[in-house]
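Read from first to last, the chains carry the letters A, B, C and D; within each, the first residue is number 1.
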Amino acid sequence: MHAQQIISTHPDVKGQINDALIRCIEECYDCAQTCISCADACLVEENVTELRQCIRLNLDCGDVCLATGATSTRRTGSNEELLRSMLDTCAVACRLCAEECEKHAPRQEHCRICAEACRRCEQACQDAAGSFATH
Amino acid sequence: MHAQQIISTHPDVKGQINDALIRCIEECYDCAQTCISCADACLVEENVTELRQCIRLNLDCGDVCLATGATSTRRTGSNEELLRSMLDTCAVACRLCAEECEKHAPRQEHCRICAEACRRCEQACQDAAGSFATH
Amino acid sequence: MHAQQIISTHPDVKGQINDALIRCIEECYDCAQTCISCADACLVEENVTELRQCIRLNLDCGDVCLATGATSTRRTGSNEELLRSMLDTCAVACRLCAEECEKHAPRQEHCRICAEACRRCEQACQDAAGSFATH
Amino acid sequence: MHAQQIISTHPDVKGQINDALIRCIEECYDCAQTCISCADACLVEENVTELRQCIRLNLDCGDVCLATGATSTRRTGSNEELLRSMLDTCAVACRLCAEECEKHAPRQEHCRICAEACRRCEQACQDAAGSFATH
């Protein structure tokens, strides 16, 4: 992705990039696509009835990640109170989805991949939220 | 919208509808569309430079409302921890957008309409979050 | 929804509302929520394996409807070539989802409701596309 | 992104990956984030009134790219008629946004970056649409 490159050209950013937030944006879009794909793959597994909760959490996590990616991208004016809350919520979505996917990871490879994407995104959201005080 | 009608047919819901959550879903989609429209109208106002923060908050609020509408719609399995956090975050997004729109409401009619939609959605999110303990 | 009310305040619209487009916007958000809900309800049905294709079409249709609702809402400048193409694509998404849902309507009430929402949205997209020549 | 890795684990894909479609998915999410960012940067430029059409096209293109990324990700059942139409529409959205951004590229660096992302995504959509006959 080109998040760092384009956000660094925002007139109010002037090269002062928040690296943690950039990484969070990239992880959010990656995690969203991965969750959409995991839900889709779960749906055709033989044991789909055991994967219903996983599909639910996948779809919720994907929606939350896309909203977090968009709100984290904008640098005009400020909306820090929302951004902190959104990053916390996204970390929750990713943690819950990762926990469920990890249960199915030994049998479903897509769940193993999705759990990893969710854990990376969870960490990135936490790091971005933590970086805010000084940016 | 037909949120109540269709959600009441979900096999796990069996007619036991959470009215506060249904209302929240409807307000989320209404607020999302209104915020997208307010940002779009602000953009062609003569005083657009004074409305930049409003456009930022509009776009953020619209994204958060759509994610809240989707996650609030699903009734398969459960994802209450996420839903509570998302409803809280959505109430924050709506409050911040309403506060900014209210500043411009005397001059910009779309900001007056958008502020009202955001206040309704903020209240609906709070009511839905509050209803969860007993559903 | 308040689509008509807020779009009529856009400085470039000046009360000259395209009624077909307004109705299309409202149907798009309604259909998106209905499709998300139908996919979610299909997932917990006993015959979920017969409903996989329905879930796939539901999720695709929901995504397309949200993008159509957003692009149809904006009145700044113009983007007619895209809007025509998007409305045509959305009509396709709605028709295909309706056709599949209609197969399951006798057994699954949510599929009956979703098929109706998709048919209304398909018609609204066609009407909106047809209205463009004169607006 | 991990689109190729996760989609290759879908039970119906069985390693038979459509490389053009994978690349299209990645370009769609990249282009969506870039368009959201370009609209946001345009908004704080001194010449914002000259960039209104660019912001409009950015926001529309971002919405369309996200819907295309999601519908292109799913491999359950089939939805080829929709996918072809969506890929065509996305190519239109990207082309129109690129043409507008290219006008501003000499003065606005974010428009130069965004035009490039749109052109890559336009090409990827065309390639993916073309690849469908044989997959």
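Note that a residue touches a chain if its C-beta (ideal position, glycine included) is under 8 Å from a C-beta of that chain, and two chains touch if they have at least 3 such contacts.
Since the model is a prediction, treat every value here as computed from it, not as a measurement.
Superposition angle, subunit A onto subunit B, using Cα atoms only: 180 degrees, a multiple of 5 between 0 and 180.
Counting C-beta pairs in contact across A-D and across B-D gives the higher total for A-D.
Of all residue numbers that take part in the contact between subunit B and subunit C, over half occur on both sides, making this a same-residue interface. For the pair subunit A and subunit D, the distance between C-alpha centroids works out to 19 Å. With centres taken as mean Cα positions, subunit D sits 27 Å from subunit B.
Shown for subunit A are the residues that touch two or more other chains, namely 40, 43-44, 52, 55-56, 59, 66, 70, 74, 76.
Listing the residues of subunit C that touch subunit D in their complex gives 52-53, 55-57, 59-60, 63-64, 66-67, 70-71, 74, 76-79, 81-82, 85-86, 88-89, 92-93, 96.
Against subunit D, in their complex, subunit B makes its touches with residues 40, 43-44, 48-49, 52, 55-56, 59.
The part of subunit C that touches subunit B in the complex is made up of residues 1-3, 5-7, 9-12, 25, 29-30, 32-34, 36-38, 40-41, 43-45, 66, 69-70, 73-76, 108-110, 113-114, 117.
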